[in-house]
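One structure, pasted below without further comment.
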Amino acid sequence: MDTIDKLTEIFKEFPGIGERQARRFVYFLMSKNGSYVDNLLLLVKDLKNEIAQCPECFRFFISKDKSLPAGRQVCDICLNQHIDSAILMIVEKDSDLESIQKSRAYHGKYFVLGGLVPIVEKNTKTRVRVNELIGKIKKEEKGLKEIILAFSLNPQGDHTDLYIRNELQNITENFEIKISSLGRGLSTGTELEYSDNDTIKNALKNRQ
Amino acid sequence: MDTIDKLTEIFKEFPGIGERQARRFVYFLMSKNGSYVDNLLLLVKDLKNEIAQCPECFRFFISKDKSLPAGRQVCDICLNQHIDSAILMIVEKDSDLESIQKSRAYHGKYFVLGGLVPIVEKNTKTRVRVNELIGKIKKEEKGLKEIILAFSLNPQGDHTDLYIRNELQNITENFEIKISSLGRGLSTGTELEYSDNDTIKNALKNRQ
Amino acid sequence: MDTIDKLTEIFKEFPGIGERQARRFVYFLMSKNGSYVDNLLLLVKDLKNEIAQCPECFRFFISKDKSLPAGRQVCDICLNQHIDSAILMIVEKDSDLESIQKSRAYHGKYFVLGGLVPIVEKNTKTRVRVNELIGKIKKEEKGLKEIILAFSLNPQGDHTDLYIRNELQNITENFEIKISSLGRGLSTGTELEYSDNDTIKNALKNRQ
Amino acid sequence: MDTIDKLTEIFKEFPGIGERQARRFVYFLMSKNGSYVDNLLLLVKDLKNEIAQCPECFRFFISKDKSLPAGRQVCDICLNQHIDSAILMIVEKDSDLESIQKSRAYHGKYFVLGGLVPIVEKNTKTRVRVNELIGKIKKEEKGLKEIILAFSLNPQGDHTDLYIRNELQNITENFEIKISSLGRGLSTGTELEYSDNDTIKNALKNRQ
């Protein structure tokens, strides 16, 4: 394997990229002048140096503060004094969190679970951050009034919703924390004529 | 224009069919043997003879009863003793009604409005059956407890929802009829990462 | 099965139409006024009465002449004095012939084979009109200088090309008729970067 | 603009990548562990150091030889003793050359023009390597028997074909070099029924 093949393998791991496009990326880089490639290298190196994972919500973020080790720095959302610390939203991954932030519809705290729970899975606790989540809730106990489960609407998302509700049952009952899931029904652009039965059922049940 | 061209024009009006496929339909009919075409002719003729529009809900249906004129026959849903006559769902068109029937999630009455109300429109009442709807509600008055507005989730559907709520305001207040709209939120298959802001807002507002 | 179901089954046989769209066609007809449906019925009936299969080229066509029985009437292409009767193009089906006529690039005779020869097939002669083709060539013998095989470029088309060449070998050698196939190479819009190996091979072999 | 935004801008220049996917690439890199990112950095740096542009054919290639400056090293295709130096194929860009190499249908020399000639363009010679091409042909003069123009089949490709034929007219006549273009006709998967007029015309003209 030469450098072209090796770099193709690396680009194949990029989200949504297959063998063919990965190879095109390599030829693209070969055809660009040195300053573009230098800029790419510099920015990836910067990203690597600036990145930190928040010990509160577990999202990745760009840290400007160099006084603390990466694992000890809290992200800008968790540090924000204006967010509503009575609500905690649990999401699967960073890009879901970004999507919700962009909607400007939510102003509470987040927790990134780090994955969905597969329907057949034995070692769940090593795959998703359930223990970390329970630790976080215990720590927040006093102020926390509601936990929102915000998973994609597919079988694995549904399974994860059930799993987390089950794992949190004791703690939410003890601390009197309400647990809710994102509402279901018609989403933007839904045409009734082409809707599946489940969406119609949910839209009817949740009519208002 | 010969018969091929004329029939192409007719097929072009079929839902989702363009010039090219319309012409293919004609060549398809030319290549089929006589019995297929005879069967098509017979069934379209049957459909034409058996079709009736229900004077209660305004849906089209296949009438088996020949003792009454077509406009006087009530459809099988409206005649059904087991449906819940306390709820009336207002839909845009027959295919929406079919989609909801198929979900088996709703067991009340229907009313087919005959269209959505365009956002800029002067002669609304001649375009959709608002007067017939008010007449229907007055007639049902005693038993009716809830009206469900079930329109597709797009600007014209939203506009129609507002328009109908406004038109029905007096009558629903007088008769103490609740008026609701289909619930909004995540629909089957929704991935949070790719959700638009409105869907996220609705899913959050309607969490439960 | 009521009339709606039966007509759905009929429309499902239309080219490119599935269950769902077939049913939409039925509801569409139910919602159209009587004159549209009457017009459809009339035109399909006209089509059925006017259609004839040319005994020379086997294409279907609209016959205006009522003096002869349908099976005896020759189509307008075969009757045309200006076509070049030294060339005979063999196509799979009527819509291929239409596509070639539309290009105005060919001015010879046609023969519609009635299908492609499946790669595994025993009773080929009952499936495609090989015997009729040989009869046609014998009849044309004096004037015929070239036969063009014009099949789609896929495995079944290639197989049919080979099969017909083999079946016609004796007759074309005896009558000194040249046999050719449509040229291969880059087609409109082809981008080299995304071309398959066979297309590149053909484009290179047929460079000029 | 922080590092995330800057790197998004860089990834947006990758072929076929829009704003949204560019941003996903950045989040993807943030979520990967250090060794993946280090490997990416290392390989891009390797690529940058190993890359050379062949002074003979102008393609980019990975150079293993460090004894010569990058601009002086000849690529493995041009160095190959087994290629047929009597034929020179002119392509638009490196990825077209890769596609032709992969087909194993061509065993001659290449020349990468560096672009297509826009239909309206004044300073053509500064945009594509016409002068370098003429220089190359003069140098090869003795052995060169044929030049193949291998451009994509679209208006700009056609225009470039004409332009290059015109520019090379004198030199090819003087040196008795044949000039040809890739063959046109049906490409793999072409269905006659859906073919455009030009493809049918070419397929007929180039029948064999």
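When the chains are written out, they are named A, B, C and D in that same order, and each has its own residue count from 1.
The definition used in the following text is that contacts are C-beta pairs under 8 Å (C-beta built on N, C-alpha and C of every residue); 3 or more make two chains touch, one makes a residue touch a chain.
What you see is a predicted model, and the numbers here were worked out from it, not measured in a lab.
Touching chain C and chain D together: no chain. Ranked by how far their CA centres sit from the centre of chain C, the chains are topped by A.
As a whole-number value, the distance joining the C-alpha centres of chain A and chain C reads 55 Å. Centre-to-centre, using mean CA coordinates, chain A is 39 Å away from chain B.
Annotation for chain C: residues touching 2 or more other chains are 93, 95, 98.
In the complex of the two chains, the chain C residues touching chain D come out as 91-93, 95-96, 98-100, 102-106, 148, 150-154, 180-208. If you check the complex, the residues on chain A that touch chain D are 2-4, 6-7, 10, 13-16, 21, 24-32, 34, 36-41, 43-48, 50-51, 60, 62, 93-95, 98.
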